[in-house]
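Two complexes, one shared chain (chain A), two partners (chain B, chain C).
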Partner chain A sequence: MARRVFAPLMAGLLATSPVSAQSLVMAFSGSPTSADPHYHTFSPNIALDSHSYNTLVDMDPKSRPIASLAESWRLVSPDTWEFKLRPGVKFHNGDDFTAEDVVYTLARVPTVLNSPGSFSIYTKSVVSSEVVDPHTIRLKTNGLYPLLPIDLTLVFMIPRRLGPNPLNEDFNNGRNAIGTGPYRMTSYKPGDRVELERFDGFWGKKPHWANVSVRMIPNDGARTASLLAGDVQFIEFVPTSDVARLGTDKRVALSQTDSLRLVFLWLNRSHQVAPPFVTGPNGEALTTNPLNDLRVRKALSMAINRNAIVERVMEGAAIPSNQFLAPGVSGHVADLAPVPFDIAAARALLAEAGYPKGFRITLHGPNDRYVNDGKIVQAIGQMWTRIGVETKVDAMTWTTYISRASKQEFSAFLLGWGISSGEASNPLRALVHTYDAASGWGSVNRGRYSNPQLDGMIKAAMAVADDKMREAALIDAERVAMEDVALIPIHIQKNIWAMRAGLTHTPRADERTLAMDLIPAP
Partner chain B sequence: MSATVQREITPFRRFAADYASNKIAVVALIGVVIIVFLALFANLIAPQNPYDLAQLDIMDGRLPPGAKSPAGWTYWLGTDDQGRDMFSGILYGLRISLGVGFGSAATAGVIGSALGLIAAYAGGWVETAIMRLVDLQLSFPAILVALMILAFLGKGVMNVMLALVIVEWARYARTARAAALVERRREYVEAAECLALPQWRVLFRHILPNCMPPLIVIGAIQVASAILLEATLSFLGLGVPITEPSLGLLIANGYQYMLSGKYWISFYPGLALLVTIVCLNLVADQLRDVLNPRLQR
Partner chain C sequence: MTVWIFRRLIQAVFVMLAMTVIVFVGVNVIGDPVEILISPDADQAERIRAIAALGLDKPLWEQYLRFLWGAVRGDLGRSFVFNEPALQLISQRMPATLELAVTAVLLAVVLGIPLGLLAGLYPHSLFGRLAMAGSILGFSLPSFWVGLMFIMIFAVQLGWLPSTGRGATVTVFGIPWSFLTRDGLAHMAMPAFNLALGNIALVLRLTRSGVRENMPMDYVRFARAKGLSPQRVVFVHVLKNIMIPVVTVLGLQFGSTVAFAVVTESVFAWPGMGKLIIDSINVLDRPVIVAYLMMIVLMFVTINLIVDLLYTVLDPRVRIGGAE
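== the complex of A and B ==
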């Protein structure tokens, strides 16, 4: 009797509840440091900002540039880009978006006070701007700069109505939080949650969810548990140890894609003799640096069973890699042969290089930065020991680790690099170009690899205006870097999201978790 | 001569008989002896050296208990994520845990007792200085002090021991002073002083032996608490290096696999830690009952 009364009642409640159908609660693993879109170049900030703001050029899920507030762009002369702006775009306050707002935004970005990571690295190539008409703007660079459209994918447009020096606090309290994006921010509680409300005047595709609540849940276990309990419907950065279990759980669905984050080893090249933490097979000091010998570098790379690391340590949440970028991304070298896993060949190469009995080395790594980092270095320690390179493993907390790694205190060490531009010039210029503090090239070349031939190829490629021809030139440079084992690539991480069953997500290579990408399954 | 022999044996016999009156305490003592034996001879008993990366294979990672190793023997307690045999890992882990526990408790005991005795015997500003330092030390939670010391010194077994000694000495000092204050007013101390014996001799040959019972009890409790503290520090990733896991780090390694059903990586080291701590505490409890004259039946 009771059931007969309750069943229709329950069904009626579920059907008429607008909240459950139109509201989304999702969890970030990191907390945005501000709601100001120009405050901090930090992934959680950028993911949050992408809901409320737009950029001239956007990235598609595979990190290829696509039109956003700019409908088209072209080089009108070697040092001038022209952007045609989309007409009819409205800000959340009703103002029209015009070229003057672009000028205002570009001027505001470098003036943000106390920025812990300034977005001015994406605007500094612009030396002057010229408004041709309300929907056409020309940006002048210092010489040819082919990457300007890609740099502008991280510059969020704000209205000039905000006036001179808009305050960071006013973005956080919502007064200045005015963009052109599909959602309007209604409340921001640092480290806890952000509430978003759909903006009906949005120029693009109307997103499914009318209200979005973003929770910050940094603890991996707590995030997974919240999803299983139904407190949140969508989580990012699913821990690899939970992937197998969630895959068999009927209540949830997973989505994943190759990321742009490469995990790799540096070999310290800044020493001619006796690099730190490297000794002979009996602990004696060396009169050479074995890491300067290409055969030794090849042997160390061949000794690593990348498939075993991906399968056993990463539990499938990565793809083995012999280069910077994943298949399908601009700059991926399709015909670069995979590094063979071959213990005998590695031993033979070591013997040929004059180390028949191997040598001793300490492999350093962080234990709290990248997915499973401490386990990866232990696994590589096992593998190197098998070819006669007796390896000690030392993993430490990130803050200690990175300051020592940046001072070249280690000889072999693990790092990761997120290639945010989605093309090859970023890793070539930042990682393997000779370290040059003045130009900023090789700025994170912590192994101090240096190859003048490669430097020349990178410079030449950056002077090519045509995208296709530049990609070809960059691929040639990548091939040189990889054949010279400038660094030892291990794998490219996969980004994994989990959601309640019945939802469909379009995963993004750039790690951004966006409510717009999640819809009910058809 | 015969009188001395008799005096030394009889109290021990009485002590042994008192101790044996509690059967659970006897079982616990046997347990402690077995655990110490396993830890001491870990390298002979364990089928694998879990600290030698060359003997580990990542392909054998996370095998369930009872799986066969490529070399033919059985992983009776399974393997962890690096392919480390859990049984071998636990034996070697016990060695680190007991070594750190006994080593730090003994070192702290020597330092703390000496300072406590000196404080009681010297009195005046020396006593005030030592005892205020003890108060200061005891007013901070042990785990907080240990975390600060390790954050400053870095990882490593010796650093963990040092941190534990710094954390623990104060309890011995306080106990030793309390006991010595009572003893130093006794007639035998006056007699020794009348003989003009040097002060260190009165202190360490006459007063100290009579202060031993409470110090032994404190020592037994401190061994257990040192093992627990080391496990906590290693669990938090501040103790031993990741390639040489102690019990705490073994538990931490398996912790993230608990949700996915791979219970053995955390469960067995946890069980080993539990049994060790319970046995040590039972022994310490019985020692306290037997050595405390007020509880003597």
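== the complex of A and C ==
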């Protein structure tokens, strides 16, 4: 009875939002912090900006550089890059896109006020620019800098019409939100939703959806439920625990690809005596740092059953790895296989290094940052204990964790690294090069690993202009880093999206969720 | 009375001042916002720039004094993350939370009091027992779980209600409200009920025990003996006497409902203050955290003031400050 009265009433009340074949509602897991494309180097911002703005060079789904607003680029001299710009490109306001807009954008990026993470890290290598003609620009760097085209894949072009010091607010309220991208932003409600409308003057391939609504649903369960309920048609970061169930649901399709995000362990190398949380097998103080011994590092790596972690903890949503990059990505070392899981060999190495009874250590990790991070450190803690390294596990919230990790307060700790450049120089320079404020290299070398031979190889590789030859030099450097166990790679995450049945998605290695990548299934 | 209100206001100022110190020190201990906000690709020079841009290169006491000086002039600082005044950010999100919380408290009154009355008048009936058993569930089930169950049942299985988010809004007095549209109400139904569940149970139990306590009392017997109708006895005399604890609790609960709408807002992706504060805590957006907590303290102080004033209306024996 109640149901008879109630059901039609509710159903009537609720004819949900209008859905037409041309409209798409998709859900992000993070909330963009601004609609200003130069305000904050934050993944949700970049994903959102990619709809309305273009860069000179873009990344294809496998994160290989491809032409975008620049049709071609080449080194004209060791310190000068020349970009040939695409003719006939219009901004949303009808202005033509020319070399002057590039100059304007490059000048604006470092001047954004109060930026919590500036895009100037991608423009700072440009020391001067020269407009050759409206569709040719030359950018001068301080010496040879082969990665400029890749850095520019994150610099969104805005029109010089915006004048000096355009304000964040004016991007958020739409007045300044003028790009060359396939969508125009029509409304921005922080933490709630963004409305996009197809821009008919777009220079590239016309996207399928005329209107796109981007919802922000950080809660994993709610995001999946919204998809099942049909309120959104496309979601990102499907929780690994839901993947199996969604895979058998006829209403839903999944897409996945190897990401550029490596999950790995740092070992604290900044101490000659035992670092914090490391003691002898009976809790006594150690006069040496066992982590400085290559045999110990190898043993710790060998003790990790990566296949078990990938299968049980990650439920298949990762690939075991002993290097930075997944197969198919520039800089992947084909013959560097994951370290085999071997308890006996690990114990033997420990004994050889003078720790026959092992030692005690605490493994730290975040519990709310990477996919299943807390469970991964739990699993590794047990694996290490099995070879005699008695391991305590301490997983904590990211906000507390990362500040402490950056101060070398831990001895063994888990981190992830997203290789935004899609090639090997990025992790080599940022992670395993010696921490060096002057060059800006080793900036996130939180284990303070240092190997002069490796530093030299990275520097030499960066002086190679030819992409193929540089890749070969970087691969040699990677081999040295991995052979020396500069860090302990665990796995490379997979990116997983879910969509309503009848849609097809081209998954991207760089985790960006783009309406342009989603089309009705043929 | 005026002296009393004045004294309460002075107290409120001190409470808020203490709050700023606690929050400022507390947030500073948690971690370094730059580590969280900055691009992982940033080099050491960019880190130093970001630290300076956020004003974090200054010693803590100087940051605090700057904050206080701004607060005196009505400026609670700019969000590190959004680069907008913290107060503006919060007030933008406030209508969404307020309409949710008010609806939840209204639901608690509209459902909790009648159910509690019935359960109190007929404690041994099947209904009375069911109401008591149900109210235990209302208290004890974690609200994020109940919220997700609501979504699974009413949105995913039955398809009656939209799963998450806030519906269409209508702007009244320059503020967008969603309770004025059908779509808005549909979106609000589940989160409001989810938020109200605990309050309904609480009000039901309070009302029930009040009724049971009052029914055998002498004044009820006299009223009956006087020949008053049972309706008049219950709705005028008994109800009035049991309202004091209910109003007290509802007042305090309204504060907590606003302050702790966090869980419901996250589960239903409701773009309110609760979601803002959780996001802000996750990225250590200090100005927003401080401003939010100050607003909550202000709200609790105000609610307590209103509750105290309501007592005098409900119970003529209470005379605030009168004895002095």
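Going forward, the second predicted complex is superposed on the first by the 502 of 522 C-alpha atoms of A that agree within 3 Å, B and C clash if a C-alpha of one lies under 4 Å from a C-alpha of the other, contacts with A are read in each partner's own complex, and residues count from 1 in each chain.
Keep in mind that, in the parts below, a residue touches a chain if its C-beta (ideal position, glycine included) is under 8 Å from a C-beta of that chain, and two chains touch if they have at least 3 such contacts.
These numbers come from a predicted model, not from an experiment.
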(request) Following the overlay on chain A, give me a clash-or-fit verdict for chain B and chain C. (result) fit
(request) Considering only touches as defined above, state whether A:22 meets chain B (first), chain C (second), both or neither. (result) neither
(message) Nearest 10 degrees is fine: what angle do the Cα centroids of chain B and chain C make about that of chain A?
(response) 40
(message) Quick check on the superposed pair: does A:111 touch chain B, chain C, both, or neither? Answer first, second, both or neither.
(response) neither
(request) Could you tell me if A:230 is touching chain B, chain C, both of them or neither one (first, second, both, neither)? (result) second
(request) Could you look at A:217 and tell me whether it touches chain B, chain C, both or neither (first, second, both, neither)? (result) second
(request) State whether chain B or chain C is in contact with more residues of chain A in the superposed arrangement. (result) C
(request) Tell me which partner A:128 touches in the superposition: chain B (first), chain C (second), both or neither. (result) neither
(message) Looking at A:391 after the superposition, I want to know if it touches chain B, chain C, both of them or none. Which is it: first, second, both, neither?
(response) first
(message) Output check: A:245 vs chain B and chain C. Expected answer is one of first, second, both, neither. What do you get?
(response) first
(message) Per the contact definition in the header, classify A:77: touching chain B only (first), chain C only (second), both, or neither.
(response) neither
(request) In the overlay, answer first, second, both or neither for which of chain B and chain C A:367 touches. (result) first
(request) After superposing the two complexes, find the smallest distance in angstrom between C-alpha atoms of chain B and C-alpha atoms of chain C. (result) 7
(message) Please report the chain A residues shared by its interface with chain B and its interface with chain C.
(response) 221
(message) Which residues of chain C touch chain A once you look at their complex with the stated criterion?
(response) 30-47, 49-50, 53-54, 78, 80-84, 89, 92-93, 148, 151-152, 154-156, 158-166, 182-183, 185-186, 266-269, 271, 275-276, 279, 281-284
(request) Show which residues of chain B lie in contact with chain A when the two form their complex. (result) 53-54, 56-59, 61-62, 81-83, 154-155, 237, 241-243, 256-257, 259-261
(request) Name, in rising order, each residue of chain A that touches chain C in their complex. (result) 7, 10-11, 13-14, 16-17, 31, 33-34, 39-42, 113-118, 120-122, 168-169, 189-193, 215-219, 221-222, 225-226, 228-231, 398-404, 406, 417-418, 420, 426, 430, 437, 440-441, 443-444
(message) Quick check: in the complex, which residue numbers of chain A touch chain B?
(response) 220-221, 224, 239, 241-242, 244-245, 305, 308-309, 312-313, 367-368, 374-375, 378-379, 381-383, 385-386, 390-397
